[in-house]
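Please read the structure below before turning to the comments.
Order as written gives the chain letters A, B, C and D; numbering starts at 1 within each chain.
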Amino acid sequence: MPMMTAEQFEESLRALNLEVYMFGERVANVVDDPIIRPSMNAVAKTYELAHIPEYADLMTARSHLTGKRINRFTHIHQSIDDLVKKSKMGRMLGRETGCCFQRCVGMDALNALSIITYNIDRKYDTAYNRRFKKYLGFVQENDLTCDGAMTDPKGDRSLPPHQQPDPDHYLHVVEEKDDGIVVRGAKAHQTGAVNSHEVIVMPTIAMQAADKNYAVSFALPSDARGIVYIMGRQSCDTRKMEGGDLDQGNVRYGGHEALVVFDDVFVPWERVFMYGEHDFAGPLVEMFAAYHRQSYACKVGVGDVLIGAAQLAAENNGVANASHIKDKLIEMNHLNETLYCGCIACATEGQKKLSGTYAVNTLLANVHKQNVTRFPYEIARLAQDIAGGLMVTLPAEKDLKAGATRKWVEKYFQARPGIRTEDRMRILRLIENLTLGTAAVGYLTESMHGAGSPQAQRIMIGRKVNMAQKKEAAKRLCGIVDETS
Amino acid sequence: MPMMTAEQFEESLRALNLEVYMFGERVANVVDDPIIRPSMNAVAKTYELAHIPEYADLMTARSHLTGKRINRFTHIHQSIDDLVKKSKMGRMLGRETGCCFQRCVGMDALNALSIITYNIDRKYDTAYNRRFKKYLGFVQENDLTCDGAMTDPKGDRSLPPHQQPDPDHYLHVVEEKDDGIVVRGAKAHQTGAVNSHEVIVMPTIAMQAADKNYAVSFALPSDARGIVYIMGRQSCDTRKMEGGDLDQGNVRYGGHEALVVFDDVFVPWERVFMYGEHDFAGPLVEMFAAYHRQSYACKVGVGDVLIGAAQLAAENNGVANASHIKDKLIEMNHLNETLYCGCIACATEGQKKLSGTYAVNTLLANVHKQNVTRFPYEIARLAQDIAGGLMVTLPAEKDLKAGATRKWVEKYFQARPGIRTEDRMRILRLIENLTLGTAAVGYLTESMHGAGSPQAQRIMIGRKVNMAQKKEAAKRLCGIVDETS
Amino acid sequence: MPMMTAEQFEESLRALNLEVYMFGERVANVVDDPIIRPSMNAVAKTYELAHIPEYADLMTARSHLTGKRINRFTHIHQSIDDLVKKSKMGRMLGRETGCCFQRCVGMDALNALSIITYNIDRKYDTAYNRRFKKYLGFVQENDLTCDGAMTDPKGDRSLPPHQQPDPDHYLHVVEEKDDGIVVRGAKAHQTGAVNSHEVIVMPTIAMQAADKNYAVSFALPSDARGIVYIMGRQSCDTRKMEGGDLDQGNVRYGGHEALVVFDDVFVPWERVFMYGEHDFAGPLVEMFAAYHRQSYACKVGVGDVLIGAAQLAAENNGVANASHIKDKLIEMNHLNETLYCGCIACATEGQKKLSGTYAVNTLLANVHKQNVTRFPYEIARLAQDIAGGLMVTLPAEKDLKAGATRKWVEKYFQARPGIRTEDRMRILRLIENLTLGTAAVGYLTESMHGAGSPQAQRIMIGRKVNMAQKKEAAKRLCGIVDETS
Amino acid sequence: MPMMTAEQFEESLRALNLEVYMFGERVANVVDDPIIRPSMNAVAKTYELAHIPEYADLMTARSHLTGKRINRFTHIHQSIDDLVKKSKMGRMLGRETGCCFQRCVGMDALNALSIITYNIDRKYDTAYNRRFKKYLGFVQENDLTCDGAMTDPKGDRSLPPHQQPDPDHYLHVVEEKDDGIVVRGAKAHQTGAVNSHEVIVMPTIAMQAADKNYAVSFALPSDARGIVYIMGRQSCDTRKMEGGDLDQGNVRYGGHEALVVFDDVFVPWERVFMYGEHDFAGPLVEMFAAYHRQSYACKVGVGDVLIGAAQLAAENNGVANASHIKDKLIEMNHLNETLYCGCIACATEGQKKLSGTYAVNTLLANVHKQNVTRFPYEIARLAQDIAGGLMVTLPAEKDLKAGATRKWVEKYFQARPGIRTEDRMRILRLIENLTLGTAAVGYLTESMHGAGSPQAQRIMIGRKVNMAQKKEAAKRLCGIVDETS
């Protein structure tokens, strides 16, 4: 079974025994829970499209381990072309789902580990890369969705892991056994956690020797004993429980985040990919971060949806030809395509690593992500400008469909002749969804903080530019002859 | 009873018999409905503070009709100082409530009508101003909250009122009787509509002679026969129905908007302030708009709350001293105070009109509002940057308080020692409320479209600047001697 | 002679014996030097307009010392109205001259000293304020232009004054005599220095006890023995020497800056306003800075000129009705009027100090100046957008007027019928002057650094906002009940 | 002679007999004129580096006509890799020269003509492409610099070419002869015109049948009889005539623009590449524009210089470690690398045309250029922020070197120990050069208007995005089922 269908994916999730909590209670049926299900639908899309010929080039790749055709989300990038297709796949899926489809983080974790395990072995003569490759083969063969779990709760941010008042504020090894290790801690903001078959844990920051026990990376089945999921809530989450679909904005897809608690969980040695090599915690974080910053290609696709919605809102209002409306749509497109340039350029300027894996250009991946922390907010602002205030003052779907108010809503929210009031409302609810509702969590706040907050990118940009070359050029051009400054 | 207390205000609302619909059903008890009540609390604050000595200078004024001390929201501005205090009152109340307190729109309608009724009378020898003053006395004496209803649904935006496929898409007179007129139509986006004793209707655009029947302004009790309210829904509105208060963000205050339908409503002559004088529709819109653009002073106060919350979030995370955090807070303050400069300057540069009422400087009021369509979005973006991703991935209040998850939530969301997890969560929920939730409707989208969308202000700015003077200066300075260009 | 005419001002400058250097040589005739003279013309404008009735309200005031009508530039602000008129005078003169008219800095120094000398006396029982008032009377009576000299060269910016490798990098007292003190050092960036009758020296930063000798303020005639002026050069400065006037852009007015060296200059005691009271160095800097940040009101007037020029350039090109052109002009106006709001609001929110002088609101003055470091750059960018590339590729005035090329230039730079090619060129040269040339020094770079660089304002903004009040509001609204955070 | 050296290039220019005017007079020796020479040096750099092995990969290519190694500036792009290397060559040369090196425009004209002549032939069975290829071989064989001349003066912009009051405001054919055509008109803003061996003329806008005579493209030797050059002047141009080099900022390189007049110039048929095929005027403009918008890759290299200079200025001031300085430099880099992403992505997303030539992605090339109209201005603003006001108040080089003022300048402009005052001044003058001086013409104003003004790019962006796809995605996601909107 090298590539699952969407249906097989759904069934595979039903087979899991996850311990998931939401609103203070255990979720009995995770797959069918109305709040969670849209996020499952979004992941399922990554399976569905892999079987459709026109998407095959983007959605699939040939495994360098087995030569079989696999879902690109389980692939290790073997060329610049692979990196480029990853960006294009991200944009396409963002446009198809209008939300976070959650599967990048596992792909990025796999690729980062393919490089770093190789490098650890080179230095310490360990065997992590062999273990990792075996695990990778398992993931590819079964077409699994993996949660890439990096962000620890971090407690007192002024202290390193080993000095935290609560030692569990960074995930760490609490016991070493013959057959493996026992870990404790938690990972926050885990996108798509309960739609995943596997969870791949990585450290969250560069570490010193004293943090040795925190320098740990491993993979586990998502329903391993001791793993607990507490769902985060999103703006407007409960609209999905109201019945109807109009007020949800996006009628089928969504995302989710969860706190994943590791309550003394056992990890067998063959699933451990780093343990104690604290000097590789930083490189793993940086490598994963670079890949994952590229992954924000998806926001370009979500931007496509928001631009399309804004265009339709303008048409529905009968103002699509007003010059200021056209200009705002051009600006939205301009910003969105500027983002696209970033995720393409960091791919085409990538390079082959010793392990054979292709990595993105770190500087440009950070530049790309930095723009992602800005432009979606401006695109959203312009979308709200175009949509008009009705987007936030619309009555509920039930008012449109109930007896007493139906006639008024139908009558007074009719705008351009020929456009159904309901369709006009649907577009406005989609814009609300993307700029204030459940999808705004992904399009805005996650764009800000996912794959590292803006300041993290700024630090990397400062570190990666070739300032010496720039200074040299300046000195030469203004006639400074020696090397004094 | 020149000034009601908050309690008297609440009781006065209970005495109304409003026909309000929400989620497709009639609301039996408007005042106590959990979704509506926070908006009532916000209006009540305007009554409460008027009785507290330290707020008296801002919250009250002396009536130019009776000399009695009245709530400033019922006052006609008699001086520049009145205009300035209006701006300061707006900021203060925005800070006190963290939301839209809904009462400005009526104040702005009263002031605009005080000028325009006077001007109509001067031209047409009508008696609107006398009627208006009588009505004003009634409002002041009873300390009423008035909804200022301007925005029609507008239907096909490419056509004037009288050419609309549905003639009711602009409110108009459908029958003239001996004792008054009968009107039909609707007003959209009515902030605070169901917390109002009165509704003051004004036309929404400049009109031609053919639109005569649409050039109508009048006041009615909010529960007049034939007025129907259909509540708009806001992002995260139903969180107010969940029990608990943490997830609401703002535990006490909120806003609301409604569609107000006028289903053949009778208006007695003494409540009619314009009827058919189409050439004054434009001036009334402009005058009201200028006052109401000034009223966005309130967003400076809401900005204060968001800045305070961001500062606390940074402190709770233990990062308040990071230079980039401090710089972002300075930027938020800088933008917020730039807004403040706008609402102050349009007041101090105001002028006395023929009627005796002081009007704001139209150019600067539009400049102020234009900035309001931009800076709150950037302030919100920076607040999300500082808050961190946890703002959108936090579990529910019930997870914090329920047995199974309580220990994990308490443990893993503990950050800076000494800060309670619950308090940390409360601040993050407040930021969510202001940037994505119910208050974002007011702080962001209403900042965009309330009192006219950005393009409306741009048109006014283009019209009000003295371009001739600027061209003259340029020509003189570069040595162009004649008047050819 | 309470108010000089422009002619008297020019003659008074001729009477000075200044030691001025430019391009490595002593300037024999400062007043008539072609590079310096336009800056003299700009200062003379402040004298000229004071005699024209329509400008009298802005340009003059009644001395609180003598009751005589004086030029406002020598006035100590006695009311909020005085502060507002200062801002309006600044805008008006910026529009009249299109450049820096150089006289604010002395006015700001006088007003700051009127407050700080009073405060020093209160603490130390000194007599500075009496001395200062006598000096002020002399300035008012003779209608003098004063250079306010604050910025020291600062040498190694990581060290305080007394630890500098070169002790003269901050101006200091090198000798104390019976009848006065001897000072050494320099002041950089002195706007209008060689058009001034007097130079008023102030310290440039807050100081510690060890910097006592650097905490010195005094006034001297500009041609006091030992004062040396070295002119700074500006972009395109030598165009003023070419003959013709077209290529200068601004045919009559300009600005200048100079390094002022104090080569062991004697200051009699009655001209010393601070000496050793190091704890008042900071307050004097802050007070002067607040006043001087308000003074950037002038850039609004220069902005008026640039907007007028851009409008004319668009008209000359025949594109003034293109919607994107109109929108850009609206944006320029919007930004310019936002600046105006700042300089008005910091005045109206000012307050009376113990000395009786009215001071601007420090927070808002800093907010205003911070915007001045941004918006003129964007206005200039938009002006260049509207002007078209011809602004930087135009041939020289001589090409327009010389035989061989005249016909081609006349023919091919003709645009909208009826507009003379020469006039079109004049407008473009004015835009060049304001965005790249001599006036860009004032409109852009001086807007950035004059009255303190942007970071200086940010520090003040961070210090002056009431963060405690904002935090309190946030805590109250989200339901945090105690005082733990 | 497939590739000239810099020296050979200079000599080849001396062999030309150009009719050049400047300041109203004929330039006798163009190559050695102090104002023009720096621009010659910049072009010569494109010859010099082609001979240096480490630059060979970027600077040279293999001719698809002859298989010989040629300068990339004469190459027709044969692959995506060629397009990418063009962008990288641009950035590198921008960094090497700190200015416009003028040779892109000819390369872009050649590539655009290689496609459009092919397409014209396909439609009209003409033989332009054969002629063009012969001409191309000549250019490659002789390693010529070509001026690509597109921008007509345009006269009354509201009228098409054939309706202009002066028919010569667009270049057109005035006579048809047996052996060729005679053309009249002018091309404005011609970068590097007098450093070119050839001038390649193209129409400047899309045209209708009535404009047939204006739809003409051809190539001529730059010294063909009847071609007249009138030099444009740049900010600070005459500093190059002062002797010394410090005040120039960039001591060796610069740019220039000229008006090129075609005073009834004869063009033989074999040099005519379009004549009357008005329907191809628009496609030629668009193709050339897309290539030339990519060429603004060079500004990334100029940005490198400015960033390096700002870093040095900060170090010289001793403030390079201040957090706000570091942050501003990161922002400059971020913006500069965002530009880089644009010029890379429009290359990698390019495609092969029917003629075999690879064209850039038009949408992304326009997006790139649009950013170029914005970011350099912000980078320049930040550079001025970091540099400090001294950048515009520095005395002249002669003051540093002359007897009387030397000691003061040396002393008082000394900052961080170990940095020579002269070197500090040189860096500041370089920043002045790039933000206000001769190089600002290229880095700012040319970034705005070169290769089309911002609005031209916006129109193309609006035209090239796939809005239908975006609308479809939005409709599908919000549940609109039919095709009504």
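In the analysis below, a contact is a pair of C-beta atoms (placed from the backbone, for glycine too) under 8 Å apart; a residue touches a chain by one contact, two chains touch by 3 or more.
Keep in mind it's a predicted model, so treat the numbers as computed, not measured.
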Centroid-based (C-alpha) most distant chain relative to subunit D: B
Copies subunit D and subunit A - interface residue numbers shared by over half, same or different: same
Distance between the centres, which are taken as Cα means, of subunit D and subunit B, whole angstrom: 51
Centre-to-centre distance between subunit D and subunit A (centres being mean Cα positions), rounded to whole Å: 40
Mean-CA-position distance for subunit D and subunit C (Å): 38
Junction residues of subunit A - those touching two or more other chains: 324, 327, 458
In the complex with subunit C, residue positions of subunit B that touch it: 84, 95-98, 245-246, 249-253, 304-309, 311-312, 315-316, 326-327, 329-330, 333-334, 337-338, 340-342, 344-346, 348-349, 363-364, 367-368, 370-371, 418-420, 423, 426-427, 429-430, 433, 458, 461-462, 465, 467, 469-475, 477-480, 484-485
Subunit C residues touching subunit D - in the complex, by the definition given at the top: 21-26, 151, 153-158, 165-166, 168-169, 186, 188-189, 228, 230-236, 238-239, 242, 247, 257-259, 261, 317-319, 322, 324, 373-374, 377-378, 381, 384-385, 388-396, 398-399, 401-405, 408-409, 411-417, 432, 436-437, 440-441, 444-446, 448-450, 453-455, 458
Subunit C-facing residues of subunit A, complex: 323-324, 327
